[in-house]
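Note sheet for the following structure.
All chains are identified by letter, namely A, B, C, D, E and F, in their written order; residue positions are counted from 1 within each chain.
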Amino acid sequence: MSNLTLKDLYTKFRDPATIKALAKEIHKLADKLDEPMRVMEICGGHTHTIMKYGIKQLMPENIEFIHGPGCPVCVMPKERIDHAITLAKQPGVILTTLGDMIRVPGSKSSLAKTRADGYDIRPLHSTFDVLNIAKKNPDKKVIFFAIGFETTTPMTAALMKRAFNEGIKNIYYHINHVLTPPPMRAIMDSGEARINAFIAPSHVSVIIGAKSYQFLVDEYNTPVVVAGFEPVDVMESILMLVKQKLQNYPRVENQYKRAATWDGNVLAQQMTEEFMEIRDTFRWRGLGDIPKSALKLKDKYAQFDAEKIYANVLPNEHIDDHKLCICGKILKGLAKPTDCKVFGTACTPSSPLGSCMVSDEGACNAYYRYAR
Amino acid sequence: MSNLTLKDLYTKFRDPATIKALAKEIHKLADKLDEPMRVMEICGGHTHTIMKYGIKQLMPENIEFIHGPGCPVCVMPKERIDHAITLAKQPGVILTTLGDMIRVPGSKSSLAKTRADGYDIRPLHSTFDVLNIAKKNPDKKVIFFAIGFETTTPMTAALMKRAFNEGIKNIYYHINHVLTPPPMRAIMDSGEARINAFIAPSHVSVIIGAKSYQFLVDEYNTPVVVAGFEPVDVMESILMLVKQKLQNYPRVENQYKRAATWDGNVLAQQMTEEFMEIRDTFRWRGLGDIPKSALKLKDKYAQFDAEKIYANVLPNEHIDDHKLCICGKILKGLAKPTDCKVFGTACTPSSPLGSCMVSDEGACNAYYRYAR
Amino acid sequence: MCLAIPSKVLKVDENNMAEVDTLGVKRTVSLDLIQEEVKPGDYVLIHVGYAMSKIDEKFALESIEVYKQLAEAAAMEEDAISPEKLVNEDGPLLYKPKAEDE
Amino acid sequence: MCLAIPSKVLKVDENNMAEVDTLGVKRTVSLDLIQEEVKPGDYVLIHVGYAMSKIDEKFALESIEVYKQLAEAAAMEEDAISPEKLVNEDGPLLYKPKAEDE
Amino acid sequence: MADKITLAYGGGGEETNKLINELFYKHFNNDILTSAEDAAVVNANGKIAFTTDSFTVSPLFFNGGNIGKLAIAGTCNDLAMMGAKPEYISCGFMIEEGLDFETLEKIVKTMSEELSKVGAKIVCGDTKVVPAGSVDKIFINTSGIGHIKKENISAHNLKKGDVILVSRDIGKHGSVIMAHRYNVETTAQSDCKLLWDEVNALIEAGIDIKALRDATRGGLSAVLNEWANASDVGIEIEEDKVPVSDEVTGLCEIFGFEPMDLANEGAFIVAVSQNDAKKAEELLKKFNSNASIIGTVTDGNRVVLKSPWGSSRYIELPKGELLPRIC
Amino acid sequence: MADKITLAYGGGGEETNKLINELFYKHFNNDILTSAEDAAVVNANGKIAFTTDSFTVSPLFFNGGNIGKLAIAGTCNDLAMMGAKPEYISCGFMIEEGLDFETLEKIVKTMSEELSKVGAKIVCGDTKVVPAGSVDKIFINTSGIGHIKKENISAHNLKKGDVILVSRDIGKHGSVIMAHRYNVETTAQSDCKLLWDEVNALIEAGIDIKALRDATRGGLSAVLNEWANASDVGIEIEEDKVPVSDEVTGLCEIFGFEPMDLANEGAFIVAVSQNDAKKAEELLKKFNSNASIIGTVTDGNRVVLKSPWGSSRYIELPKGELLPRIC
């Protein structure tokens, strides 16, 4: 046994003295940068950390954060939410999904409002709970409305595997799992993006490995640091990016060594591949259609694919984002939430107009909560 | 249009002056009786009228009431209640039954308590409502726990006919319909009975006709008057019985001419015969086994017969009445409720030990409520 | 045994159902058990949602007439037995609580 | 993107489930996504009911040591930049309400 | 405001405040309430009455009223029955997620109208929103306090010779609810009504009031039995003096109920000394012509109902759930 | 008594009386209550506080308490927060048919124990039994009144320079409930507790109390925002001064909650004038060693949380339903 305690894994990575020290160091070195560093944190979790711990305020003027599309709840287009609502209303259905997904508005309603209408919709904290619900309700169809990036996808696959092994036949899946690299590429390719550094997600990286960001270095000459979740992690990662800039040697570095590796969790990757394959295209709220950016169930699991089984009742028209919403621009670093005309007025977390306001992780939401 | 109003049908048959006049007349004539008249009112409804309107108190000393077994709820043996409870607990079942049946205790519980445990048990006021419940719940099995004498039986038959005509396939029937003449015969045959006059039920007679009591005259030389429901009806019927006694000419008379006939409601009789046939024997609470005293579904409706479909889960041992209960004696005119050791103490309407205490119509119940 | 309630027919529909009134309470009942024609204005007896027979108005009126005469006659007669006298002496207390018995 | 919580393994059962503790909160999670052996005392990252990786204690301790030194060094250094100075001048008010703008 | 109340409105945060400000403060507007402290502050001097009732009626809207009207009348009437003027009311809403905002607003408006009739105020409140299936649409609790204008009104006060009156015909509210439950229509209207004016008139007229009680659940039967029991007296009621409307009779015939067992929400029973009985009857008749002397307090310890033909029977405390008899 | 509460117990008749006599009067025994009038009669002189709360907590029993303990503590605490000693309590039970009598009795016993701790009495009550599915097992409403011992405690009183204290570590009750809802175990115990003793100690010590509030639904965040809003001031809180236990931190990490948004049932926030702050802290520490000065009243109109490294952010009124974040 080492002398590492569980509490250390929290407190040491939030240590005020360390944060202060890192801030000093960043200020010192950033002075030497010859152009402003515009860092995209892809992951909404990082956005959250940055806002909650006031990291933004600790940055020198020439380091700017651009909040990326890394919130699985925020990027879900309204038509997919409408799917969830429609599924929940089918007879004999229990609709399950993860946590705060239920408050995201679709075109007319949300799962929370639909639940208020008396439909059986259960917000879960654990994907594994779907198994227990299915066992307890053998005469119901339990639909798992699966959301999430590469971190969360393997859990859906693992659930399917257990269900099949245990002979549970009443779980159906509506897959909305999305991939991280395609939107990063799409943002860089848009030509407008002002991003010149990345901090890469903590837990997506644990699964897919740091290697997955090499294309940003190879193709866009942009430094990348895989960063842990805590404020100290983010501060250290920024420092590492500044150093890369000063060295003029862009590369993929791993700040989050205690959990992330170059190759990622191979078992989890295999599990995902066993059940899912890449969609031709997927529409992201705020970003529009991005080719090969999401997953679907393999054809051989069609009989458990709620998207196929209920195809005839699921609406399919694309629903445009609110015309005043500038989430797309925000995600590309071309605007800040506060630039939006309806920020904090018509658009608030209780009645969000755009994707960046819906979840605690969205850029507009984080601004509203912590720095309005 | 005649000048009869609906209200007349109530008030004129409860008219204080008429009741007083009839009481005088009865007192006058009863003086001349050479032996006490011991009248059984078979029908619990009559028991109710007698107690509620204090008719007992208006009688001369030589006229005595003996309360018969005419309460469909009270005569139901505990094992049949246990059937209802067991059925209510089967998956996907809605158990329906008429009114206060749900408070009658079986061997361990009652339908009311079972409902409190969360099972779907619905007390109805109308047999017809079963149809609507079945239509509204197509994925449920709606079981109608059918109780009642000949009055109520045709309604079960009419329900079946409608259900079949409308193609409703999710109603099942548990038939507990009982017949009136067999227990009357059983009581007279027991050898102990002290009854020497009958007032026959109002509404059973409307269906089966006054002719059905001729055997009491032919075989037991006992006068019978078919009596209406209201206090004036009962008073007049008593007067008619006294007159028969004085004339020494026992016969079946019909006081309730405004509704009952000699032949009864032939359509209703036919409807019953279409669906039901006589059981070999049926156990009456308080009276024990009486041959050919109840009905069951015909074999060709076996697929809708809850007693058959659920045969493997329905308990079938006979459960004896409480050993202190003297309902059997009371029903034969050999005892009064107040003779029972536990009347009003261990046995009350809220926790009845015996059949005569369970419904508002039971002799013990009526005594408890109105004349304790 | 079987509560059956005199009610007045308000409407009869094509589905053999009748709307009936019982002193201000309206409900819809089935006529499936009645052979004769039933028309608005008729009086019927209702049991568990079904009409079980029509009420014969002639007989009802006859009875009412008899009772009227009876009551009138009794009122004129000398009050040989006052109604109070008709009541058993122990009044409603037919049952004396056990405690007092002992 | 994905909240994942460091937790300590308390028990592993025959069903490949682990009981883990997160600062006083106990829950049962699946180990179906972990290739390596997991033992009581190990630290794992938990996401939506599953362990997603073990935490490498060596690297964690290494980081912690680095931070400690960094903090100590900074404390000894002259306070060239006080922490307060590091904060943008307008404090948390990054957004000025519209009303005041006009 | 959203068109439906969701769980968010019960979270104690922004949405809860919105509901409180835009609905409750709007309709129940008064300085004590809107000071929004943990408790209302009121001045009191002397004896006050304090009562509570929860309202769980189904359906929420019925002939003659709704749950909101009941919630105000019920609690104000319990105060009135102690001779107290209803002054300060508390109000707890327990709401099922999914309830229409419109429904809630209708209820709240009715409450506000009733309050203004009697000059009482809601001074403190609480709102909970619970998951669908955890409550049937809405329950309301109201508690109330008021200064006692006439002391020593009590169920324990009855003496032999006192006279019993009822303020109107009985059983209306119970009839309406039962008709709904068993799916028949009735022309009856719930009697739901504030009773302070009637009580105040009796007090002002100097009537020697012994006991007062609104005959709610359990009806007249329950009140009379409770009084006989509390004062250890007998009560004799003349059956033909008890006012019952045809509609209530009709419903009772159909289901086999007794009018005296049915709930009332705007009818009360009052016991007065013999000398004041006629005067009390006249006074009450000004409010409702069916008001009537119905009986007297006697020796004994039971409630006896006397028929016009000289027989009599006991009236018992109602038992169990009211279920339709088939026989 | 039956082993389960059936609808019959809510009918207002014999069974209702049985329940009242054999359960409620047994445990809440006092002369005012058992006089069984329509309203309780109490003496009042001067300013009294009046409050209400409904309790709908699920599960009924949780680490550190049950719905009955909450129902007494919650209402008594709202009185205490106005500087009033809890004296007279009303109690409305809304019970789902089928509830175990044993469960109900346990709840009632707990209520009785809590009452005796603070010397308050249940003086009036009401019981409804509703059909299965119409309520989730049991809801309880309590209202309360009590004489005000120290006047002018109000959310509107805060002035720049006043000091804010919290009486103990925060978020315990909310943690316990959330852990249950999402099926994890926690070693945390609800903080559910009567607070009159603490408040009384502050009053007796002559502390210049500006405002007091128990941080229930919406937690510390809600109280601070309500105060800032009511008094039109800013409030600055030092993040590292706010006491949070490891267990609460753990739960917040797992679900993505903020400790300051979680409900408390035995923690209060108090604002005192600067001079009395230290004395108040010392006094409160005698009751709970985690009591702490956490911030000060400032200019402005927002609640600001300051980190130990000099950054700061706003604390908002919590929004919506607390849902676990997955990210």
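Here is the rule we use: a residue touches a chain if its C-beta (ideal position, glycine included) is under 8 Å from a C-beta of that chain, and two chains touch if they have at least 3 such contacts.
These numbers were taken from a predicted model, which means no experiment stands behind them.
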Treat touching chains as neighbours and tell me the shortest step distance from subunit A to subunit F. 1
Average the CA atoms of each chain to get its centre, and name the chain whose centre is farthest from that of subunit A. C
Homomeric contact subunit E-subunit F: same or different residue positions, threshold half: same
For this structure, which two chains share the highest number of contact pairs? E-F
Report, in whole Å, the distance between the mean C-alpha point of subunit A and the mean C-alpha point of subunit E. 56
Distance-wise, how many Å sit between the C-alpha centres of subunit C and subunit F, to the nearest whole number? 59
Whole-angstrom distance, CA centroid of subunit D to CA centroid of subunit F, is 33
Suppose each chain is reduced to the average of its Cα coordinates; what separation in Å results between subunit A and subunit D? 17
Per-residue multi-chain contacts in subunit E, two or more chains: 6-8, 14-15, 133, 183-184, 246, 249, 253-254, 256, 309-314, 316, 319-321, 325-327
What positions in subunit C touch 2 or more of the other chains? 1-3, 22-23, 27, 47-48, 83, 86-87, 91-92
Within subunit A, the set of residues that touch 2 or more other chains is 7, 10, 20, 23, 43-45, 54, 56-58, 70-72, 98, 103, 112, 124-126, 129, 148, 152, 350, 361, 370-372
Seen from subunit F, its contact residues with subunit A in the complex are 182-184, 240, 246, 249, 253-256, 307-314, 316, 319-321, 323-327
Taking the touch rule as given, give the residues of subunit C at its contact with subunit B in the complex, in rising order. 1-4, 6-8, 21-23, 27, 29-30, 32-35, 41, 43, 45, 47-50, 52-53, 55-64, 67-68, 70-71, 73-75, 77, 80-81, 83, 86-88, 91-95, 97-98
Using the touch rule from the top, collect the residues of subunit D that touch subunit F in their complex. 1-3, 5, 22-27, 46-48, 83-84, 86-87, 91-92
In the complex of these two chains, what residues of subunit F are touching subunit E? 6-8, 10-17, 35-54, 56, 58, 77-79, 81-82, 84, 88, 90-94, 123-126, 128, 130, 133-136, 139, 141, 143-145, 148, 154-156, 212-214, 216-219, 221-222, 226, 230, 261, 263, 316-322
Within the complex, which stretch of subunit A touches subunit F? 7, 10, 16, 19-20, 23, 43-45, 51-58, 70-73, 98-103, 112, 123-126, 129, 147-148, 152, 349-350, 359-361, 368-372
